[in-house]
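In the two complexes below, chain A is the common chain; its partner is chain B in one and chain C in the other.
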Partner chain A sequence: MILCHLQNSRMVQNSQHIFEARLDNVRCMSSVLKSVAFKDYATVFISNNGLKVTVEESKCAQVNAFLQSDLFQAYEFSSDTLVFRINLNVLMECLNIFGGAPGHSFVSLKMYYPGEGEPLGLVLEEGGVVTECQIKTMEADEILDFNFTSVGVQNKIIMKSECLRDAFSDLDVSSQVIEMLMSPDAPYFRLSTFGHAGTTTNEYPKDSDMVESFECTKTQINKYKLTLLKPSIKALLQSTKISIRMDDRGFLSLQYMIKTEDGNTCFVEYLCAPDEDNED
Partner chain B sequence: MNCTAPGRHIKVFGKAITCLARVGEEIYFEGEASGLAVRTVNLSRSAYGSFLFQTSFFSKFSLQSQNSGELRCKVSAKSCLSIFKNLASLERSVENFSIELKFREGELVFGLQHRHGIKKQFNLTFQECEGLSAIFNKNSSVLHITSNQKFLGECVQHFPLNVVEITLNAKHDHTMLSNYVEEESQYGKVLQTEMRLASSEFPCYNVSVDREVTFCLKELRAVLQFQDAVAQPLHLYFDDPGRPVIMAIEGDGLYECDFVLATLTDQNTSQYSQSTNTSRVGNITKTSVRAPTNTSLRKPPPPPSNRQPPTSTRHSTNNHTTTNRPSLDDTLEEENPFTRKAPPPSTNTPQPENSLILSPEPPDKDSLSPVPPSPEPGNQNNNITPLPSSPFSPTPDNMDADESIIDDALLAALRGTPEGPESPPSKRFKRLSSGDEEDSVAINPTNNVMYCDDSD
Partner chain C sequence: MRFKAKLFDVQSITQLQSVISAVSRFCKTCCLKLTEDKIYFILNDRLVCGGTTIWCEVTQSSYFDEFRIEGKDDTGAILMSVSPDMLAKSLCNTVGASSVKVKLAKKQSACLSVEIALPSPGGSGMQRLVTHDVPVHLIPLSHWQEYEEPGMPEFDISFYLPPLRKLRNVLERIKNLSNHVTVQGSWSGEMTLSVKTELVTTKTYFTDLDIPQLDSQVDTSRASAEVTVDIKKLLTFVQSQGIGASKSICNIVHNRALQLFLLQDDVQLQYYLPSIDTS
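Showing the complex of A and B:
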């Protein structure tokens, strides 16, 4: 079904492609995609604004990585929005085909998509060595619409990711859920887990140096499945800032600001439905 | 109990917890007038570790209860460890931390106040417990060696990780450190590592008589790791084989660390043994009193290869006295068809005078007080001559003549009465006998009962 087709040193004529983009440092793209690569398949949206890569988990959580068009050194797109499904692992493997570790010389990338039904083409070059990959694409399934609008947002906190990293990387894995409290009053923002050994809580006051913006209007306590929230840790580790929002239905939106190596800013958004079962 | 300590102390505290967690599976917290005691004992009860954090360690310390039962609890080492998992980052970010025992709520609460106002709280559910304290006396040990902060740790690093026991052979001018190799180990499969450490390497080297003790490396490694972190000298006190090795670290008046490890009673080491009746009981010694190892580490015993036929009893005068390494399990005579069958009934008699006593109800100063001399030796094993007195107060008669008899008697003491249901199987190995066994089961049944506090 999926074919990773590698050919060396064959440049492709690209005049008639619907989509074509060039990137000087492929790690800008692969590092962002890494933070969403927790499932095999992703849905890719291509528009004039850039690329959106969406991964879903259990119909309850969704992660979107946004690669804006200005992240790329050249970006050409001549169509309405294009959608296809792709094996994310294969895509990541191809992007890292020269080795993904930092410290190497830059690997540049040319990416093109001739049109619907065609494979996605990647041409990677490092120091004169060129690899061309073609990854078969699939028709996209419908993806979830969380209908998370800024109108419904009750509570919003923007803080530095640094202080959440510890909390999330040391989560008590024996706990089923993570409880989030957001409130205009003390304790303002609290994360709790309920494991075999006992409960663990992390509290963040609103006047902390780590909190950049605190807009909470209503006390909300919601629980989210830990397994669903786990994939967001990858993004958290790479990000510099995080925006935590909760809407009136208890849906959670986490937006991560990720600085790429060449100084651009990318965003990864994580959406999760609350865990209803455990609400007594 | 509620105590708060400044953030700069979290490293020591965290390392102490890490150290204890490497020894035992449960950690006992106990508030005392002098400070907070954190202790553990391993499953086979052959190793005991204790940290006493003095009140000066804390910026705030209050007991808040007169009832000592409400001042102590035990929690699983694992859950405790998870708090201090990321110690390096805690060191940087924690401003102060608190430990509060909410007895009525059934929670032991660790509060970590980070920079930027971030607060972390760990509410651990605990089990009520009896107090835990080993009775030992450093001063009764004949030999005393002090190691510089890194010295012993570096020496031990040379031993492969799979080495279980280590032998410390102290002579007047040097000490040999070697891994303990069973006599029956197959040739070509054993690596013997030996290190000769000159006495001048030790700041304090008080070895008046030559002694050789063998004890578990695992616990020693745990202590050395702690020592490495706090950079304090380590004091080693030891004596005859079979008597515990005591390791102590003193932390600038802020805390005290004591570890007590059982040592191997060994034919090799008991060179004072006499031949005739020794060869008789000596065999028992070997098959019964063996390494004070945490048995959970052990493989199940392989089919005994070199062993006596089932009919051969303790009277076998065969020279081969050591057993295969995994046959530590020989202590479980009932389960090994190749060793003698039913042990004499009286071997079940507890004789705790001969062992470290983990007293269930420690009076204040107990932990450092010497064991009371044994008033009566208890029922004797038919084949065993009367017991010598406590190994903590060496007398000439347990030095020579009947070293191995002592061992057997010690074994008898250690074997104890058939355990209550809570005893892990490994408890039947040689171990520091639990104080529980002092009390006859009927007298104090609650001693053996552990229950979860459901906080009413």
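Showing the complex of A and C:
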């Protein structure tokens, strides 16, 4: 019924859009995007598989949110991969225009993109009230390629998010860096910070209930800038599981599994380069 | 000049408080006009300060159990300027109060003295008496003409607003996108809120709104009208839903002004918002 309403709405002039998608509950999308919304601008990739929203920080860290096509109730795309840059704050305000709080009635969404240089169109509906938005898109800048492949991965841990949530919310903010140790031998997985007040460490044994899978082959100790890691906390708070991987160059990959309201699973990936300054 | 009033009912105390705190969101100081039947909160902004007008009238008898007033002239009215915020705060802590007395007093300066009788926490049957003195300035007779009821503008469109909670959600979001919103209305009961900036344009359509009963003199020649106003000021009006209004009416004077009414049995809030020229 909601879809009928959208079709009848005065907005639908033609269906000749390169990209068109429908979603019955907009919160499925906005909650995932919220976890990457720490910068004003994001780069959006549209392909047959779904949407990828990328946000970069200081050319050292990158967050990708994946909204796969089966998250949407309808998904039509007829082109090669499309890329554009968009103001993420504006997009979030538009998606939440009927109020973002949970427990409200469902807000349905139709999203379309007529083609390069055109604005991204949104049509939202809640209880007979319709909102149309046109958000300007810009040409995308080049995106960093971290070249993080599963071949290079030395250590990998999959664990429940809750235990890391506590560790991250209690991090010593006076510390510049966070040190991560991953090792096949004790202490297996350790997080340390070095602040004004002293050093703190969190250790996780590999046989903890929280650890679901432990595949470490080599002892690696790497430092990451805390300011770069901060944005990933948003995703951590929403996620149920997290996969922590480190490759042979010391690059860090954090993959968050986020369950949306209607039971779908979305992934947010965070990539970060190690902090080299302290090594000389 | 004398004024003395008493309230005994806790519910009417909290209701009166919510009306005053709704007024306090619009302005720092306003004029309080007391007459035998009604009390009024009036703001008459000069055009250079934004030109908004507020006229809030409260039927005295539905709140006060005792109300005695002796005015200066034969109309029997008293006008004073007061901070509605201070007045609202003085009525804040009235949980369990057995009575509230308000009187015009002269202490160091003229003030509204609010006396709240609260039960003692020990349950000993003793009473605590809390007194707030809210300073006021009495407005001399020669200035009273500034605070007369605004005339009804010749509006082009009039309709009942959709539920204010819905309107509030939308306005709270779009205020982050722009400072101005264009309100468009039509006699067929449609209202559109639109925002246009360099980055984004949004349009929200509300349909099936009721049209109020109108006098036959109203000119309905124009099918639709629009006006651009300050989002934050419009939002303040929408946020005053706390007074529990049953109906709210919106009148549009094309490209000139927005006139809004909150109507409840014994409270009426009228808000006049001039248009902003964005071109």
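What we mean here is this: the second predicted complex is superposed on the first by the 268 of 280 C-alpha atoms of A that agree within 3 Å, B and C clash if a C-alpha of one lies under 4 Å from a C-alpha of the other, contacts with A are read in each partner's own complex, and residues count from 1 in each chain.
Here is the rule we use: a contact is a pair of C-beta atoms (placed from the backbone, for glycine too) under 8 Å apart; a residue touches a chain by one contact, two chains touch by 3 or more.
Keep in mind the model is a prediction, meaning the values are calculated, not measured.
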item: Which of chain B and chain C A:166 touches, first, second, both or neither; value: first
item: Touching partner for A:87 - first (chain B), second (chain C), both, neither; value: second
item: Which superposed partner A:71 touches (first chain B, second chain C, both, neither); value: neither
item: Contacts of A:207 with chain B and chain C, given as first, second, both or neither; value: first
item: Contacts of A:61 with chain B and chain C, given as first, second, both or neither; value: neither
item: Chain B versus chain C as contact partner of A:197, first or second or both or neither; value: first
item: First (chain B), second (chain C), both or neither touched by A:21; value: neither
item: Which of chain B and chain C A:181 touches, first, second, both or neither; value: neither
item: Partner chain in contact with A:33 - chain B first, chain C second, else both or neither; value: neither
item: List of chain C residues in touch with chain A within their complex; value: 162, 166, 169-170, 172-174, 176-177, 198-208
item: For the chain B and chain A complex, residues of the former touching the latter; value: 75-76, 78-79, 82, 85-86, 89, 93, 107-108, 114, 116-125
item: Touching residues on chain A, where the partner in the complex is chain C; value: 9-10, 87, 89-90, 93-94, 96-99, 119, 126-136
item: Sites on chain A touched by chain B in the complex; value: 163, 166-167, 169-170, 172, 187, 195-205, 207-210
